[in-house]
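Per-chain residue numbering starts at 1, and chain names A, B, C and D are given in the order in which the chains are listed.
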Amino acid sequence: MSELSFTPDEMMAIAASRALTNTDVCFVGIGPPSAACNIARLTHAPDITLIYESGTIGTAPDVLPLSIGDGELCDTALTTVPVTEMFRYWLQGGKITVGFLGAAQIDRFANINTTVIGEYDNPAVRLPGGGGAPEIASSSQQIYITMKQSKRGFVEKLDFLTSFGHGEGGDHRARLGIPTNGPTLLITDLAIWRPDPVTKEMTVVSLHAGTTKERVQQTVSWDVRFSDDLQETPVPTEEELSVLRALKARTAAAHAGKRLETA
Amino acid sequence: MAEFLSLNDAVKTYLKSGDTAAFEGFTHLIPHAAAHEVIRQGIDELTVVRMTPDLIYDQLVGMGLVKRMIFSYAGNPGVGLLRRVRDAIENGWPRSLEIEEHSHAALANAYEAGAAGLPCAVFRGYLGTDLPKVNSNIKNITCPFSGEQLAAVPSIKPDVTFIHALRADRKGNVLLEGIVGVQKEAVLAAKHAIVTVEEVVGELDTPINACILPHWTVSAICTVPGGAHPSYTQGYYARDNKTYIDWDPIAADREAFQSWMHDHVLTQGPEVFAERVKGLEVAL
Amino acid sequence: MAEFLSLNDAVKTYLKSGDTAAFEGFTHLIPHAAAHEVIRQGIDELTVVRMTPDLIYDQLVGMGLVKRMIFSYAGNPGVGLLRRVRDAIENGWPRSLEIEEHSHAALANAYEAGAAGLPCAVFRGYLGTDLPKVNSNIKNITCPFSGEQLAAVPSIKPDVTFIHALRADRKGNVLLEGIVGVQKEAVLAAKHAIVTVEEVVGELDTPINACILPHWTVSAICTVPGGAHPSYTQGYYARDNKTYIDWDPIAADREAFQSWMHDHVLTQGPEVFAERVKGLEVAL
Amino acid sequence: MSELSFTPDEMMAIAASRALTNTDVCFVGIGPPSAACNIARLTHAPDITLIYESGTIGTAPDVLPLSIGDGELCDTALTTVPVTEMFRYWLQGGKITVGFLGAAQIDRFANINTTVIGEYDNPAVRLPGGGGAPEIASSSQQIYITMKQSKRGFVEKLDFLTSFGHGEGGDHRARLGIPTNGPTLLITDLAIWRPDPVTKEMTVVSLHAGTTKERVQQTVSWDVRFSDDLQETPVPTEEELSVLRALKARTAAAHAGKRLETA
């Protein structure tokens, strides 16, 4: 297998997985976050705690769930608690070290829109809405975001602010009385971004192999800041790729049709 | 006091046009059979509440039975958007839809407050977001000790809550197990609760701290095997993920939707659900 | 992250003079062995919190280690009063005792709010009672929707919470079962939690919705078989009601109390608890 | 066994048990309330739901618990819930039809003191305090009180108001925004009392066999009101007495010393 025989999606999931550690307690969303968290669990962070908002604590799914409440999550969990308890004790209670979010729109301060495209009262596209995200964003100790880059998604101004990132930058979180760190990491199909320590503007700190600054800028509506110490993201290892692909294959098979589970 | 009724009779007895109804189930135990019965009976002008209004609210809204929807995530989880809900909000088809939009934390707390007999829920939420600008039912309250501003939302107290559960005993005590969601809260907060179950057994024979709804908290119990399909019932059958994926193109087209509803809901009865979970049974 | 420590080391590591400590257990699973270790180590100037400060708080107070007690029912359940607590409040012996008195509903809500990371708890309580006149930590808050006046009390966030549990697995995940009281809340609300357990096992092998404290919510786990005696541990041994009854005359007399404490606490170690539950074992 | 071969305590427990029905959901306190509720369950109300504040719902103990959290209660319960849930969902949520309370002091409007005798800051006797009672008194649909009559207990003015009954009488509960009925029944060793429909002053409606109005007045510090339609409480039946005595005997044996439980 040649060094670059992987897709941008695979790079994104694998780069995100590397940011997680054995002692993290992750509030996992569906889609790319779920893949990233489970690759981490299946590679370098076997003791990571994965929590899904359906109430499952310490899950270890064999296939990726389609929803946040597939039976697989409950069957493999340390325990499963009511949803009210999940949001009160575990999220609001400050037990989550990393909350993972995706987005339809994101701005330069990592504020997120998952509510509407267009006007709220007369939307061009009505998106699903916030779900758990508004309080995941404020109560998790830090937030990791994964999404693919595009001008439609990386916008100058959000149509609606669903989940607060760094607001208008600087100490905006602190001024609102939000004690947590907010988005500390944004992982896309092209790059890794981190907030500037002072301004909190999201800054590209690492380009994925084969990507250029120009390509990054072409997919973002604002003038992108690049770190003075710009790195290249290490390519996926054989192990990372094979774990991810096996997971995806098991998942695809499981979701393709009716199956007799062996619980 | 729990009465054992047919689903047809239970819906007829307790749900009226204009009521506030919650059909709860957090991915697991979604009361599809009960929602289909409501659609068949054409009970309309409903205010429906649900954290995650997935397929069944897409169907209730698409059939024009819903006046107002209180929710926190209107998507087909892992698949995409709810196309009938979108059509109602974006285009007013088949009728306009009022929405009251919250976050999951808010609605979970609002059910909890309803079960706890309180007028409102107090939590830390909505910080920095635009939702309070578009929802006047999000207010602030100040902690009298720390001075911190907390969020407050009205508690939810449905006229009727519908849930699906694993089983009941002959007295009408009901067992929930696995991902229990907000169903206990939704039942305790409601004036009436209608519970569909996989089966009725002599003894529940449950763990000591099991999630049980005593018979006197439930109005009606209806035996509907498979009644959660394409959602699932812990220990009985698995989630039919393929059906969720297949819903997307059906819901995308008004005529395909209406034709599907005619064939799979309007001309059917609750007994078809047992057939739908064949092949999904969980080996114990 | 749970560490497996001796009870002596756990108390020495985490509890300091002047700390706020909760020893929770609602009749069931009262952490007697842990309290006795604190008494042996003579850690003083404590603020102690507990809904039902029964024998162990009588003992902590009688030994002069407590500056302030936050509580809602100071009795020996089914037997009578707490005579050492009475002597401290009525006569200042062996030292004066500050009290902050609540109702059960208030303290249960205050633990819940502590676990939920909130600065205060909001509930319907204290209506028409004199308690708000003698406790400035009882205030009102107005529902912004209904205008109803609700009660508010500060949340409880102990420096250290002590509980006794059934068992832990080798990773340090802890199982509570039966009457679980407010222990989960007291642990999640605390900076540090010390848990004594009957045993450590390879696999917890629990029901799907069991009350489990994940290992990363606990600071130290100490194996102390019988550590709840004369309280009890579900599935291990029964409540020693006779010891509760026998406590009354011991506590009634200052010298009898001191002599008992010398013989049964100060000159003993946690290992004596295993002996004390002999004959009380529950047949499974 | 002659008609009157029973003690006033037995009459009190049995009279209280008769007030309970099969559809009641009782929040049970320790002592006389626990005996009364379990006699009801073992005689005319087998389907009554007994709830103890320790979290046990639908208990059916074979012996009376010494505390509100004996293992017997949990072992025989339909289920057992956390104490926070008990106070929030089941009590405050309005699910309790009858809350049973005892008292150290009671006044003519059935307000209760279980906190102190003397001044709060310098008490003659420090009592246990309110425990669950303040909110049982306001959240249960109605309150039954059992206590023995004595001038020390039936006082003109409470030293401390722990649990609100009818306050100063009349519509005082409604004026405080308390929607429940409050004390509707007081059962003592001598009589049965109910509140006057208008003034809410507790009124003797039935004398136990062998008791006189004078005897009742001698044990009460205020001028007692007697109903115009004063009844005599039916004496205990053979069944009631034998059930009560068997329960007490089992209980005494169980609490006398260590025993090997057969769960």
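As a convention for this text, a residue touches a chain if its C-beta (ideal position, glycine included) is under 8 Å from a C-beta of that chain, and two chains touch if they have at least 3 such contacts.
All figures in this text were calculated on a predicted structure; none of them were measured in a lab.
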item: Set of chains whose contacts include both chain C and chain A; value: B
item: Of B-D and C-D, whichever chain pair has more C-beta contact pairs; value: C-D
item: Centre distance in Å when chain B and chain D are each reduced to the mean of their C-alpha atoms; value: 40
item: Distance between chain centroids, defined by C-alpha means - chain A, chain B (Å); value: 28
item: Per-residue overlap in chain B, given as positions that touch at least 2 other chains; value: 112, 116-118, 123-124, 148, 178, 180, 184-185, 208-211, 234
item: Junction residues of chain A - those touching two or more other chains; value: 74, 80, 88, 92, 139
item: Arrangement of touching chains [line / ring / star / complete / other]; value: other
item: Touching chain combinations (by label order); value: A-B, A-C, B-C, B-D, C-D
item: Chain B contact footprint on chain A (complex, rising order); value: 30-31, 53-56, 65-71, 73-74, 80, 82-84, 86-88, 91-92, 115, 120-121, 123-135, 138-139, 160-164, 167, 172-173, 176-178, 254-263
item: Touching residues (chain side chain D, partner chain B) in the complex; value: 23, 25, 47, 49, 57-58, 74-75, 77-81, 88-89, 92-95, 139
item: Chain D-touching residues of chain C, taken from the complex the two chains share; value: 26-28, 51-52, 71-75, 77-79, 81-82, 85-86, 89-90, 101-105, 108-109, 111-112, 123-131, 134, 148-149, 178-182, 184-185, 211, 232, 234-235, 238-242, 244-245, 279-284
item: Residues of chain C that touch chain B when the two form their complex; value: 116-120, 122-124, 137, 139-146, 148, 150, 152, 154, 177-178, 180, 207-211, 234
item: Chain B residues touching chain D - in the complex, by the definition given at the top; value: 1, 112, 115-118, 171, 173, 184-185, 188, 206, 208-212, 214, 216-217
